[in-house]
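In this document, chain identifiers A, B, C, D and E correspond to the written order of the chains, with residue numbering beginning at 1 in each.
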Amino acid sequence: MSLLALSDITIRYSRLTAVREVSFSMTEGEILFITGPNGAGKSSLLRAIAGVTPVAGGKIQLAGQDITGQAPENIARLGLSMVPEGREVFGSLTIEENLLVGTGMQTRDRNSRARTASDLEAVYTIFPILKDRRNGQAGLLSGGQQQMLVIGRALMTNPRLIAIDEPSLGLAPNITDQVYERLIALQAQRQLTLLIVEQSSARAMMVGGRMILMRGGQIVLDGDARTLGSGEAIQAAYFGYEDH
Amino acid sequence: DDEKVVVGFATAESGFMEAYDKPAQEAAMIRIEEINAAGGLLGKQIEVVKADTKSDRAEGAKAGLSVLDQGADLVVVSCDYDFGSPAALAAEDAGQVSFFLCAESVKAGIQGVGPHSFSASVLAPVQGATMAEWAFKEKGAKDFYRLLDTWTVYNKGICDGFDWMMPKLEAQGAKLVGEDTFKNEDASIAAQITRIKSLPKEPDAIMLCTMMPGAVSAIKQLRAAGINSMILNGSGVDGSYWLSAVPDLTNFYVPVQGSIYGDDPSADVNKFNTVYKEKTGAEPSSQYVYPGYVMIDVWAKAVERAGTTDADAVVAELEKMKDEPTLFGTRTFTPELHHQNRARYLIVETKAGKPGVVGEWTISEPVPMEAILK
Amino acid sequence: MLQTLFDALSLGSLYALGALGIALIFGVMRLVNFAHGDVIAFCVFALLWPSTDAMAIVFAGQLPWYLLVPFVLLCGAGLSVLCEIVVFRRFRNANPATMMIASFALGFVIRYFLLMLYSSRPKSISLLPALSQPVEIFGARLPLLQLITIVATMAILIGLTLFLRQTRFGLEMRAAAENFSMARMLGVRANRVIMGAFALSGALAGAIALIFGSQTGTVDIQMGASIMLMAFIATVIGGLGSLGGAVLAGFLLGAASVVMQVALPVDARPFRDAFVYGAVILVLLFRPQGLIAARGTKERV
Amino acid sequence: MSHLSAENVSVAFAGLKALSAVDLQITPGRISGLIGPNGAGKTTLVNVLTGFQSPSEGAVKLDGEALVGLKPHQVRRRGIARTFQGGRLFRDLPVVDNLEVTGVGLGMSRRAAIAEAEAMLDWIGIASLGSRIAGTLPYTDERRVAIGRALMGRPSYVLLDEPAAGMSGPESKELSALIRRIATDLGCGVLLIEHNVGLVLGLCEHIVVLDSGAIIEEGPPASIRDSEKVRHAYMGTAANTDLPVLEVME
Amino acid sequence: MSAVSSAPETQLTGDVIAARKPARFTLARKTIVTPVLLSLLLIAITLITVMTGSRPFNQTVIDVLVRVIFVVGLYIFIGNSGVLSFGHIGFTCLGAYAAAWLTINPIMKSSALPGLPDWLLQTRLIYWQAAILAALFAGVAALIFGKVLMRLSGIAASIATFAVLAMINTIYSNWDSVTGGTSSVVGIPIIRTIWPYLIGAVAAIFIAWAHAISRSGLALRAARDEPTAAAASGVDIPKERLVAFVVSGAVMGLGGALMAHSIGVVTPDTFYLSLTFITLSMLVVGGMGSLSGGVIGVVLLSALIQALRWMEGGVSLGDATFALPKGIQEIALGVIMIVILALRPSGLMGNREITLTRSKRNM
């Protein structure tokens, strides 16, 4: 059964239709890259899945439940962890507080407390700088450090599905590597499902998995990342963008 | 003008002034009904028109214009000078007589609004002067303390009268031992109280120049701090409706033009109270009901004497009144002053939470213009 | 001297309690809640039966203190939560000016509603008369109420700080304040959190109402307004978002007021507030971020 | 020769050394690169150069004259422009006005500023965006508008903070052509901060590598690419340097 | 090298970036429709009023015009800078008292306000001269306060402006010999013809427009959204704020003077919190980012208030008179304001200006 299923999703901003009848689904443990030129509607789609942007039509299902129009917190509680575009850190909280915000969903039971502590350690191992600065104000971090923080935060909530909008944004190349290594490891260990908006097709090729290419609010290509990434089709898709 | 005489009320029917305007207006209505029942004024019935000032100055000006447009021969304006003056000015502008329901500032008259404007009440300085002189002469108070709430002219007026009287009393042995100010809305007057308590000896009397609602708060705090001096006030705190706030209040004095407590020396006043209760369902809540009645009374007399409602003729007749008797004391108007600078006051004492008339006092000389205009 | 200290503390406590109520809501919604003063007024009026007579008809005011206190606190919390559900919830994404004006309009509605029910005349009530007894400590004689005010404020302050520190509520509140939709994406039930903050703030309004009502014996439509203003100022100069700062600034404002009253010559005393506000401007010029800049209000380029 | 330089600049934030004794020089007509791990101090250095951050030690000099205590707007008026890591456009204003603001800030009349803004948009190749409200633009366009805004009044120096972040291959290719034109056609001294190493290596004549606030390496692109130190501290696997831009540029 | 650059068709003439100078006053011509339309609206309202000939209605419309001046004055600062000011009504107070000082008959003045300097006691000006001086006086006061305050931003600036208001209020309430203290100052000539108010309001609108299209206005609006970027664009933010503060202070002063002449009395607490909030509300409900919003906010809310008052006063439908209970007006007004704001959080007009072409350009 699919973990996430979108059928005929349409998203509108007043007069502009940003996403037009998009459908796709993901099975548990799958890696899916979404790529495409600017303004293709990738971020809009992710925000709609997370419940923060209303859809004008269509249906979204997560773990078998219809989540269309559901409150974001309820969707999060079903196991979606979202890293939105633009670093949305809580600038006035400390770094550690930022990491802990989402763990409130589970504090009641004891195990989860221990788990939170170990999750925290895990995040700190990937991004040691966050540990060094754990009591510092998050808003003062450098751009890339903030990006590390939001990715780390997404890992803290024990999700089934992580949706990340451009994980490499502002990250140093070697850190990007580490982020991907970690995500893939989690995917392998925990059957974590990954939905990643990524501009670098080289990256998608390297990681593998499935890839969707969006343009003008629609899916124009859907296939294996390794083969699609280098192909002519992708070039064509981009040149299609440059034509207009 | 041909068939009827029109009295226009440009007063507050809503907003915070309503509570002050309405009772006096009811009393005015009582007098109007009496006149109408007795055949009217100049043989014509008095018709009443109203416009709501909403307790707002700009609205007040509109209300004034509105009753003028409806042909008012007399424009009755809000009790308070500040809120009544825009409408009174509109009347003045149109050359019509205006009466403040119960304003106690000299500006509610020639000195402020203009030559066609009057007030039926008594100047605030008279109240301060009355209380000081009475407390000294009748109660033997020697050490006075002056506590002024700077919120309104009315408050300052009471203290002005007190200030004018004090030097005379000091010549006879009284003493001002200290003074202080506060603001009506102050959440606490603890600092002021501390200053009083640090005096070598508790003063005999505290002249408290303030008004509602800060008055209750100040009195309560004074007593709670254990200060038991006489508290002298202006008429603004008359009424028993608030006494529950300070249980068993004692040694507390207020000057009034007539008693609402049923013990007025004049039977007519007590009768009026009954009529008022029949009409409105409640006894007068304070002495500020009475000026409304006085106002219609003196104006109607002046109209009868002038034989016309023409403003200048009526003003001329009003200015001839000297010690004109009314139900609530005499009234004098002159071409210099459309207000009372001297009046007989009843003194109400509150003792163990019960108010009652304990005396009567008229200041030895009228408060002079300099003190009034201060 | 000691007496003056107590005076300053007790006035300061009132401002501090007010500032806490405002700072809580500001902290969670970036909303300067001008309706807070009217919630205070509402709590006092709730002790009376609606009537437009001059004489107050006491209703809940006669309850014994152990019922009276919770009653008033609940009134405040209830009204405050109602305001949030009916009004403020619709302003989650509005800019601060819009929210501020909405809160002002809401206060206006509450105020005129009370006016209709109770008329504009201030009413009197004897609330917890036992508290008007003077007591003596360290040679200073002061009303018991002053003492209780000071102690209660301290207790509330400590309790609230602990509550916000020790429970997740505080963290979630601050997260929701900073970025409402991100907090929700992380599973924070932000609407509930905000409601909780409103309930707390309303209860604080109730506490002020009780103290203020017992102190002045007056029930007046305007009674919340001046405290609200001072509290608002205290919140800002204390450092927006910092509860401790709000409280500190509340006490300082109270102290400034009392000290000016004591120190100024009699002719200058009516101008006391001008000096106090002048001091406010000075503080802002030297510390625009407030006395205790809330952690994390710094911004980087 | 005229130049903008940071000399021995150090910045500390409450115990954290964000920059220590950094020297850097930018000359008109040349593109210099500034790379380094996250938190290395790149943005902080730009902040120091543009008056947003005062150094705890060292100085910024324009043609040898120290710029001490100047406010950001004063620095800008001396011809040192910058962009920001986040777009920071005036979101409620149309694109033309976004550029116009700089003109006005530099003392032009509105008329002259509009004229130059339109010409600038045209030069960048986004003339069609002129009347769009800046807040509704997609990412790439936002970046180009920000660059246009910085170029108003023809500054001598322009410091670009991660202009290509979030851009796809073809988009960064376009951008890199634009940056080159800024140096050659306008004669600006450009400082380019980027994590797209391909772009930096392809464009810059001189590259400075910062790590933990200190310069660990500097030199021409080839030597940087081959530096073991840089590869270790910063670049990671081949996926990063293998970006399409590199192919095009070389 | 430049071979690589695939530059789009640029005119690489002598100067690389060739600018065509637009004609003079294009900006003014493009945007002047807005103030003209707004003025026409006010003129139409005035003409209707004059035709009805009702004195109370005339007074009501005078009030509306005075409010327009206030709200437009607020807009000049708040709308462009984005800093909410609670202090502007203080400048109105200064203007109103200045008008009183300059126009009251010297005999009354020397008895009511003996503390005024001699030359002022002797002066008696015509109302419009006084209004202009009052505006200047308020402008100078704004300059002095602004010099100190404009370094602040955000809520700290708001509170500081409020402190200015409170200081002015405290001083004017207690400096008895110069201001008459809390008591009303009377004797100000009452002007009941509507035209001066119309002229004042139209002047305010054009001043606001001129400021908005000026360099200073643009720079300030940019700084409102993104102060950091504005500074990096060479904008001296405190200076631009100060310019707006002074201009708006002067307009508020003008409004204050006219208000004094419309009622004939001034007191300090007329110019305090409630006026502050009413004018702010009108601006915010109309849309604080737009001049049209300010004007339309005043006109609509005033019309609404008036309509509710009539209903309170009683409306006859057939033989039945239907009247709302007293006090409902304020409640209804509050509720309607909340509803408008909930539906349109950035006000009725948002950031738009009324124009003939529906262009989005915001000056």
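Criterion: contacts are C-beta pairs under 8 Å (C-beta built on N, C-alpha and C of every residue); 3 or more make two chains touch, one makes a residue touch a chain.
From a predicted model like this one, the values you see are computed outputs, not experimental measurements.
Enquirer: Which chains contact both subunit B and subunit C?
Expert: Looking at subunit C and subunit B together, the chains touching each of them are E.
Enquirer: Determine, using the mean of C-alpha atoms as each chain's centre, which chain is farthest from subunit D.
Expert: B
Enquirer: Between chain pairs C-D and C-E, which one is joined by a greater number of C-beta pairs in contact?
Expert: Pair with more contacting C-beta pairs, C-D versus C-E: C-E.
Enquirer: Between subunit C and subunit E, what is the gap in Å from one C-alpha centre to the other?
Expert: That pair's centroid distance is 31 Å.
Enquirer: In whole angstrom, what separates the CA-based centres of subunit A and subunit B?
Expert: Computed from C-alpha means, the inter-chain centre distance equals 75 Å.
Enquirer: If you average the Cα atoms of subunit A and of subunit C to get two centres, how far apart are those centres in Å?
Expert: 43
Enquirer: Can you check how far apart subunit D and subunit E are, centre to centre, with Cα atoms defining each centre and the answer in Å?
Expert: 42
Enquirer: So which bits of subunit A are touching at least two other chains?
Expert: 140
Enquirer: Could you pull out the residues of subunit B that touch at least 2 other chains?
Expert: As it turns out, subunit B has residues touching two or more other chains at 14-15, 18, 150.
Enquirer: Using the touch rule from the top of the page, what residues of subunit E touch 2 or more other chains?
Expert: 173-174, 228, 326-327 - these are the residues of subunit E that touch more than one other chain.
Enquirer: Provide the full list of chain pairs in touch.
Expert: Touching chain pairs, listed by label, come out as A-C, A-D, B-C, B-E, C-D, C-E, D-E.
Enquirer: Which residues of subunit D touch subunit C in their complex?
Expert: Residue list for subunit D touching subunit C: 43, 47, 52-53, 84.
Enquirer: Enumerate the contact residues on subunit C facing subunit D in the complex.
Expert: It is residues 301 of subunit C that touch subunit D.
Enquirer: Show me the residue ranges of subunit C that touch subunit A in the complex, using the header's touch definition.
Expert: Within the complex, subunit C contacts subunit A at residues 168, 171-172, 174-175, 178-179, 181-190, 241, 294-300.
Enquirer: For the complex, which residues does subunit D have touching subunit E?
Expert: Contacts found on subunit D: 50, 52, 71-73, 76-77, 81-82, 84, 88-94, 97-98, 100-102, 104-116, 118-120, 122-123, 125, 131, 133, 149-150, 152-154, 177-178, 180-181, 184-186, 249.
Enquirer: Once bound in the complex, which stretches of subunit C touch subunit B?
Expert: Going through subunit C, the ones touching subunit B are 3-4, 6-8, 10-11, 14-15, 53-56, 58, 115, 119-126, 129, 132-134, 141-143, 145-146, 212, 215-218, 220-223, 225-227, 230, 257-258, 261-262, 266, 269-270, 273.
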